[in-house]
Each structure stands twice: as C-alpha cells, then as structure tokens.
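Alright, structures below, take your time with them.
Two complexes are shown next, each including chain A; its partner changes from chain B in the first to chain C in the second.
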Partner chain A sequence: MSDRTSTINSNEVGVFTALQSVVGRYRVPIGALLLVFSVRPVVSMDLLLGYGAVANSILIWMLFAASFNILLGYTGLLSFGHAMFLGIGAYVTAIGLARFDSPFVLSALVALLVAGVVAYLIARLIAQKGEIYFAMLTLAFGTTAHFVANYDPGGLTGGTTGIAGGAVPAWIETERGLKYVSLGGFQFDWYFFVAAAVFVGLLCIWQLVRSPFGRTLVAIRENRDLARAMGINTYRYKVWAFTLSGVVAAYAGAILEVNEQGATLSLLTVQTSGDVILMTVLGGANYFFGPLAGAFVWLFAEDFLTDFETLVLPLEQFPLIRVDLSGVLSYWQFFLGLLFVVAVVVAPREGIWGLFRSVVKKAVDRIKSERDNA
Partner chain B sequence: MNEIPLPGSSSRSLSLAEAAIWSVLLLVTVLSAVTRPGLFVDQVLGGLVYGLILVLIALGLSIVLGLLGIVNFAHGALFMLGAYFSYQFMAVWGVSFWIALIAAPLVVGLVGVVIERGVLRYLYDEDPLNGLLATFGLSLMIGEATRAIWGGAPKSVAAPQILSKGMDLGITTVARIRLFTVLVAVIVIAAVYLLIERTDFGLSVRAGVLDREMAEFLGVNMNVRFISMFVLGATIAGLGGVLRGTAVGMDVAMDEQFIILAFVVVVVGGIGSLFGSVVAGLLIGGTAYLTPLYLSTLASITNIEAINVPGIGGLVPYLVMIVVLLVRPRGLFGQEGFLE
Partner chain C sequence: MPETDTGERPGTEADVTDAALGATGLTKRFGGIVAVDDVNIAVPTGELRAVIGPNGAGKTTLFNTLTHALAPTGGEGYLHGEEITHVPQEQRPHRGLARSFQSNELFNELTVLENVRIVVQTSETGTFSFGLLGDGRSQHVDRASEILESVGLSRKRETTAKNLSHGDQRRLGIAMALATDPSVLLLDEPTSGLGSKETGQITDLIRTVQEDLGLTLMLIEHDMGIVLSISDRITVLNRGRVLATGTPAEVQANQEVQDAYLGGMKEEI
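Up next, the complex of A and B:
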C-alpha cells in the first residue's frame, strides 16, 4: 500500500521539490512505464537469457497477476479459478477473429463484456462465502469453464486443440517468427504494442486501487466486521472487485491471444490458476509491484533455469569452480516451491518485492545516516 | 412461516417437484439396471471404489482441518507418495505387495511428521489462507521431487496373484483388487470412526477441536495429539495411494486430480464431520460414475443424442458441490458457522 502513499512536505518551494513531489506522487505509473519498456532489454542481455522473445508473455502475465492481486492483495479473496477469465478473454477474442471475422477491437470488447458478466454473476452467487468455501467454489467454476471449452459447444471453442488458425488480427504481420504491428503504413515491433497495452492495464489497476473504491477494498481486507459496522456493503464491494478483476484478466487474455496466435485449452486449467497464485504470493501480495516481480521471477526462472547447465565461478574464462547443475535445475519448480513455502511461513504478504524494498530502504537509511554524520 | 422448525422434528412432506425428481431418478436407475445390467454393476462398483479412495483422502483432510484449522493442500501429494513408494518397494526392491501395503503408508506417515514439524506448526492460529498457500507450495515441491526421482511417465505395479484375477459375478466380472480396496477402505474408515468416537484418545481430540485452549488447561497435551492425528491422516492417504496405484497405476497428475476432488468431498460433506465425508465421498463417486450411464440411457429412450454429454462424469463432482453449497452453505453434515 505504501507504494501509493507519499507524504510530501512541501514547505520549500522550488523546481527540485516540485519535481520530487510529482515523482513521489506518480511513482507507480512512472515505475510501470519504465518496467514495461525495460523487460525485453533486460532479459535479452547476454548474461541473462540472450533473447527477448519471452518478454511479451512475461509482460502479459504481469498484467494477469496484477489483476489477480486486486482480489488477493487488496480485497483478501483467494480465487482458485482466475484462469477462467484469462481464458474467456483469449477464447472470446479468438472466436470473434476466427469464427466471425470481426475486427480485433470489437472481439476484445465483447471478451471483456463476457468476462465481466460471467464474473459478476459468479460473484453474486459466492462473494459472501467463507474463505475456504470461496476458494473451492471458484475452483469449481474454473473447472466448469475448462469443461465447456473442452466440450466444444457448437464447434466454437475447438475442444482440446483450442483455436489455432485464423485467430490473428489483420494488422499483425509475421516475419521469421517475429511479429510486427502495421497500422496505417506505420510498422513497429509487437513488443511495443504489448508494452503499451500492459501499461494501460496497469494504469487502470493503479487508478482503481488508489480510488475510494480501492481504499474500501483494503478496509474490507483488514477488518471485514469493522468495515461493515462503518456502513460499507462488503458484499457489493466484493462483487465489484471480483468483476473488475475478471475484466482486467480478460484484457490480459485478449492480448495473450494475439501473442500466442490463438487460444489453447491449457489457459483454462487449474494449473494456470495455481501459477498466478504462486506468482502473486511469491512476489508479495502487499504491494502493487509484488505480483509483477513474482510473474517476472517465475517466468524468467522457467526459461533461464531450464537451460542452465553448468555453473562456472567466477567467470567463463577463468573457471575456478564448475558445477554441473543440468540434472537439478530442470526441476526449478521445486526450488521456487521451496522459496514460496519459506516466504509464506516467514512473511506471507511480503514476498520478493517486500524483501527488495526492505533491503533498499536499509541501504538508503545507511547512506543517509553516513551523510548526516559526515 | 413464523414457526421455527426444530431440527429433526419436522416431518415435511415431499413437494411435487421433489417427488417428480426422485421418481425420475428411480425410473432411470431401474431402466439402466434392466437394459444394461453388466454395465450398471460395473459403474456402481467403480463409483464405490472411487468414492472410497476419495473418502480415504478426505478423512485425513477433514481431521487436519477440524483439528488444526489448516487446509492441507499437500494431502494429495501424500496420497501420490503412497502410490510411488509402493512402486519403489514392489517394482524396484522386489518386496511383496503385502509388506508394501503396510510399509509404504508408514513411510508416508514419516513424511507427514516432517511436514508437520517443518512447516505446519508455524501456521497454527494464523489466517487459514496462509496454511492453504504454504501447503500449496509443499504440494508443488513434492510433485517436482516425485518427477525428479521416478520420472514423469506413468508407472504401474503388478498386483499379487490372488488379487489380480477377475471375479465372476454372473453378469460381469470385477477385478479382485477393487473388491479388496473396498474391504480395506471400509475397515480403515470403521477403525478411524471407532478411534475418534469410542476411545479416550478420540475424546480428547474432539475436546481439542471444540476448544483447544480449554483442553490444554485441563492437562491434555494437544501437540502430541496434533502430530499423531496429522500422521494418521497422512498414513491413511498413503494407504489410499497404494491401493489406487496397484489397481490403476500412477502418474504425477494424480496429486492434483485427487486433492481437488477430496476437497470437494470434504466441503460437500461438511467441514469437520467425518460421517459427512464418508457420505459425500460415496455420493461423489456414485454420481461421477452413474451420471454418464443415466444420461446415455435417457438419450437412448428419448432419442435425443444431445443429452449424452461426453466426459460429463468429470464435471459432476463440481456441479454437486456448487449445488450443495448454494442450497446448504455448511455442507450436508457440517456445523453451522465453521469457517463460513
């Protein structure tokens, strides 16, 4: 929460202070802007992955995890069926593109609408249930969505194969595996489109959670009974939190559909719902950037550790220690699971981002105190 | 409408809609049994075996949830470990099935001790979400470890001679291992019931469930009881794993598949009620196996092929849960207000 609160003591008037106050006030959007455009350059570094193809899906998953955090982090609702909305976003968009030849924007809007209606109806039914029951019921609805897509009603969803052909909008051009967006004779890399779209999504979430609505959600999370005693209709707020979270997840799903050139059944599995929980908690549900950090670590580890074979210290050219890790690190989920369990036991809401923040804060404090002493 | 009906005293008559539903169900049952008796018996037995396996897992879940307030997502991983340990014992070390049947669950119980002492004891009296999340991570770890040790490909073990043969029932034949599963499961369920309801140990455990602090004031060492009940739950889950692994084989996906269904069973039966878990397990197993048969019977009678939905059996447990929870939020036999 402290991402959003910034106490500005503006007794001194000056350009620097004004700048500082603007940065302090808008540090989340500024940080998000820096983040979305730096993911690919960072992962493409030779020391890390060496290629940037995974950056697109990292960004989209970041948005998905952030949408999930509206529920887990801000409202305190644990949903085991959030993949449903990612899947609805991807499937409805793909159905619109492939089966009805409708333009992408229209298909995506319909997808958001469908996800919103489905989320609203489900939430109306289950929002007031206890935590465990809520988790189980979302799981049941998520499994139902998977079943429906697998059942292939009316030949729309394509069963186990999903929707593969003809599900790419006309303004996407593919050249040697790389996607480009060409709009009105202007061509640019698909990555920048994803980055901009994810940035817009993050901005929406940020506006949502810092609004009175978002503050009320936090109040419900912290103390439901107190919130109710103050006259907040907790049921209605939970319903709308669930609905909006589902809509943003569907937005991520619509982008993911273009990125993966179709919708696959794996999007709707319990595994996907579980992954987003793991990412969010690992990153730190308490913070706006927590789920983003979690999604980054998770997906980066997936690509990085699976290919990681020998650990050479300190450098490739001067091998002092050479450890063969190829057999161990392909089971990277074990180690992330361990990290996850430790994170939950030690500080369940802090995660990697919380750890990072406290380390940075300590370093800043030390520098400050040294400067004051000098 | 102003009268509040006393529980048990209300002998309400069936409404017309309920009577219609029950008579249709009865009719379809009779029709299915008459038109395809062999398949009907097969499905009933299949549902029974499946349901009892679910009950074996759900027992431990229910105990741990009632006693410790922890939703143990890793319980399915313990079930899977039971199956893989039996593989290790029988296929790798060449031990006989009967020894593996006893030893594998005990080793699973040891793993349970490690989990309880290593992780869960830090999570008592915390937000139930934390227990759910931590055990979710544990199940991920155990799943990966299983994949690393035994590989991702499905495995199977050979049942001993006496159990591998089929048994002729006249209209169909059943594998004896399935009947053996039913037998063992019934014995275990009865033993757990007697332990909890009829012994002093069970009495003190139940006291701990009701009011842990008070029970500790009265000199009951709750820690010992927590560990032993957790280990008991783990062992039973491991036993279920051995039986399932021997009858059907094992793979790394069985963890997730069964833990979710076991949760469904616990929730439908009512959290904290052992009797409810048993009833719900049989209900879920039965409906999952009989619904496809009923639908295909209905489809063949009415000539509407659309009724016969393929793969509906996998969805039925969730539909049952949604309906039960919406109509009766505490489950069939649950206490009111518990974790609601």
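Up next, the complex of A and C:
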C-alpha cells in the first residue's frame, strides 16, 4: 500500500515538475496572454472603474512602455525622445489611410519601416555618445519630430489639429460609440483585436530580450567597457537595439491610431516621452512586466482617481462616514509622483513590480517553511 | 635605444615579427604626461612574461595600449607577426588577444555562468551578430561550464557575480578572458587583494592554464615571490620606459633595476 502511494506520488511529481519547467520557461508569454485578456474584465469590475473603455489604451501603452524598456531596462540607454516613434507609427498610418486611401496593413507596414529607418539613422549618429549627451540628443530629435508634425509639411500632418477625418480602416465599425472589427464575415469587439495585437508585440519583445542578441544587450548594460574588451561591438548592438525598440513603438502607435481614430499632436510631445520613462521606472525597469505594471497603474490611477471623489465608509448602503476627496484627488498626478519618488529612492530599478514580486516570494517562502515545519 | 646589459636588446624588427605579442616605439601621452614612453617589447610564443615596476610606471597603461582600450599616441603593435596597431579593441579578442582587469570588472548582476556564457557566445559569433532566435541562456552552456570547471567555479555557477568573494571574482575574471579562446593573455594583477592561500591557488591556476593551453602570457604583478617563481622573463618598467628585460636572475643582477626598484630585494630572496 505504502509502495503504491509512493509510486503515484513520484509520477505526480514527475508530471508536476515537467509542467513546472514548461511554465517556468514560458512564464512570460503565458503571463502576457493572461494579462492582455484580463485587463478589461479587471478594470470593468464594479469595485474598480466599472467600465472597460480605458482598457484599450492601457494595453497599447503597456506595449509602448515595454518597447521603451528594451532601451532603458535591457540596454541601459535613457532616451527622452521615445514618443517620436509612437508618433511616427500613428502619423504615418493615419497619413496612409486619410491622405492616400491605402489599406491599413500597408500604411502600418510603411509606418514601421519609416520608424525603423529614422531610428537607425538617429542611432548611428548618437549611439556612442555619453549618457547625458545621448539623452539630450534624443530630446532634441523628439522635439524636432513634434516641430515637423506641427509645421504641417505639404498638408500631410494637419498641424495642431492632427489627422482626424478618414483615418479609420474600412474594417472598423462603430456602433453606439463602441468599436467592432468586422473581418471576413466575422464581427468581434475591438478590444480582442487590441489584446491580440499587443500580445504579438509583447511576444516579439520577449523573444528579442531572451535571444543571444538580447543577452548581449544585457552584458552591455552591465558593463560597457568589459563588453568591448570581451569582443562585443557595443556601438552596433546599441544602434540595433534603438532601431528595433523604435519599430515596436511604431507598432504600438499604429494600433493607437485606430483606437483614437486618428493621430494627434499630443502623441509627439516631450510629455509623452516623459510619461513613458515615468511608467517604466515606476513599474520597474529590471523586469519584463515592470513597464506593463507601471503603465497600468499610471493610466488606471488617472481614471480611477479622477472619478473617485467621495469616500464612503464602510459601504454605500451603510454610510457612516462620507469624505469629500474631490479637492485632493484632482491632484492625482501629485500622488502618483510621490509614489514614483518613493519607488526611485527605495529601489530605482525594482519599482512596483519588483515590490510585488518580493512580497509574493516572501509569502511563498513562509507557506513553504510552515508546511515543512508541520 | 637604451640597451640593457642583460637579456634581449628590446624591440628589433626581427623580435617583433617572430613574437606572439610585440610593440615598437609604443607611446601613450596624456597631455604633458608620457605614461608609456617608446616601449619596445616582444614576447615569444609560449613565454610567461611578467611586467613589474613601481606604482605609476605605466604597467596598466601599457596593457590598455596593447589591447587598444586606449589608442596609442605613437608606435606599432603586433600580434603573431601581424601589425594590429589600428585594430579596434573589440576585434582583438577574436584575433586571440584577451585580457583581465586589475579591478573586478564583471557583469555584476548576472550569474557566474551567464558572465562566461556571454563571452563564449561572443567568441563564437563575432563582434556583432543578429542572433534573434532561440533562448540565449541555453546556448554555449557546455563550453562555459567547461571553463568554469577549469578555474574551479563550477559549484558557484548560479551565484550572482557581485555576490562572489573577492578571490572568486578574480577567478571569474580569468575565466571570462579564457572564454575568448585566447592565444595571448594579459593578466593585470590577478592576485591583488588576495590572502596568501588564495594567491597560491590563483598562481597555480595561471600555471596550469598556461601549460594546458600553451598560452603566451603577460602578467602585471607586485608580489616579487610570484614573479620570480613563475615567469620566464621579466620586463621592468619605470616612468613609462623599459628599464630592463631578462630572466629573473638577470633582472635581479641588473644594477639599474636594483637602484630604481628592487632596492634591498636581493638579500630577501
């Protein structure tokens, strides 16, 4: 009897460890898949926002922040101009749709190509500069992109108003303010398209950072001089990291264009570049999911805190205390800023995601030790 | 050309082109300071050459110029008879010239295995490669493990590099240099900051590695005991210039070296 139980146990253990190793190896894609399809259900819960419209832009910004983290988290490059590539993605797609009547896929592919070429050329010029100079030059190029779009060359970019009319692909249908994708006779919610597209983008980033190429980027981040001495051409790796990160950002921009039914000048502002830095650092540049967590917290807080004006305790049905918070919470950015400062002071590369991981790890360790003691 | 009364006449052309590693008239200036001053050096294949000299003699700068971490102000460098003066630093490991560092230069946040594995990967794929497929961490692991085994770090392969003891960090530095598959290896004070037991272990390691791999070695070292016991020949630097080159016995007997550097060392040994 005892023999039999032990065989069953060892079989179970075998299956369990095999499963564990698969989950371990593919935990990022599995996590990303769960994430993209759970953002809307989560934010739609009554306890939270109660509506899911913001989920689309949260997902797109997550992808944008993840593309930025190829630079900051994996290569150790701080760019103040990453909005430029999100903007190129959105603008070129919108220009293709609205000005040239070209199909969405073609417009988006051209957008990725343009972003790639621009990123490559900029990186060739600045990749070998010192950190401060690199940051300043990206800021300068980012501002230049804003200037160009604002200048409205040849009536292409629409100046301050951006591109609004006719910039929606034919397969997007809008009913009562909700977007649907209708492709080949099927009609489904726009959210699922965004989720799938963002998932594909995250998968590309994951493969990039786990590949031999990505591991070399990490070595360069860790010790640039040592990397060179060991035979790594740090300049070329940085150029291509910048290029690929720009292409993924433009991919996020192309999705954002459809989501917002056009391209607006605000995408290209320095503020957009700043936001993505803050999101990434707030979330934790050390981790794949760090910038995603940062983007989520940032955008969720923006919506949640601006709606959240009256604190009722303990419950709506039994109101004992009502606190009017509207005056305080209109400064939601201040509180987010405070959170950011705390995150940077405590652990500059860990962020919210690092904190979350360490809490989970501690809990798991405690449960394990209690089980072992029992 | 100052001729030493012992050993080679430094830096004749024949020397340089025959040698595994050589330099003629190698000079490095920082503003008004001449850190490396018209150095001629020729290390024959398979030799273990120690470089000694007082602090500030230009030993590390010599290494930096030989590996092109610093571009020389003048002179030429040679590797296996080929002129490499203008070959960029990152290409030199791929030609067989590797180095370790005086301070513990590591990829600090990565594991011991990953530190070595990335260097093996670089050595196999070149200065730049679009390796976008597969899981990087699962490639070249066998070779990296072999190297870790040879330096005695197998049991610490999953340790984060920054958490290693000082001695193990020195070992890892050597392991990473070995991972470039070098024919000529420059070691910058491999035993600095180590206790006597660990110093002995590292010295043994250097000797084993040299014999097993048939390396040409250049070694900066302060510990005269080690220098005299393991080197085939010694180059003495002073104020950026080569004072003398010769066997340990020849260098010890050299009056100039005695005056400039060794002082009362002779009686001690």
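Structure notes:
The criterion applied here is as follows: the second predicted complex is superposed on the first by the 359 of 374 C-alpha atoms of A that agree within 3 Å, B and C clash if a C-alpha of one lies under 4 Å from a C-alpha of the other, contacts with A are read in each partner's own complex, and residues count from 1 in each chain.
Definition applied: a residue touches a chain if its C-beta (ideal position, glycine included) is under 8 Å from a C-beta of that chain, and two chains touch if they have at least 3 such contacts.
Computed from a prediction, not measured in an experiment: that's the story for all the values here.
Upon superposition of the two complexes on chain A, no clash is found between chain B and chain C, which fit side by side. Contact with chain C, but none with chain B, is seen for A:Arg215 once the two complexes are overlaid on the shared chain. When the shared chain is aligned, chain C comes close enough to touch A:Trp240, but chain B does not.
By the document's definition of touching, of the two partners only chain B reaches A:Tyr331; chain C does not.
When the shared chain is aligned, chain C comes close enough to touch A:Gln207, but chain B does not.
When the two complexes are overlaid, the chain among chain B and chain C that reaches more residues of chain A is B. By the touch criterion defined above, A:Gly165 reaches neither chain B nor chain C.
In the overlay built on the shared chain, the residue A:Gly231 is in contact with chain C alone; chain B does not reach it. For the pair chain B and chain C, the model built by superposing on chain A gives 10 Å as the shortest CA-CA distance. Comparing which residues of chain A touch chain B with which touch chain C, the overlap is empty. On chain A, the positions that touch chain B within their shared complex are 76, 78, 125-126, 129-133, 135-137, 139-141, 143-144, 147, 150-151, 270-271, 274, 277-278, 281, 331, 333-334, 336-338, 340-341, 344-345, 348.
Chain C makes touch with chain A in their complex at residues 67, 69, 89-94, 98-99, 101, 105-110, 114, 117-119, 121-123, 125-137, 139, 176, 179-180. Looking at the complex, you find that chain B touches chain A at residues 71, 119, 122-123, 126-130, 132-134, 136-138, 140-141, 143-145, 147-148, 256, 260, 263-264, 267, 271, 309-311, 314-315, 318-319, 321-322, 325-326, 329, 339-340. Across the complex, chain C is touched by residues 25, 207-208, 210-216, 218-219, 222-223, 225-234, 236-237, 240 of chain A.
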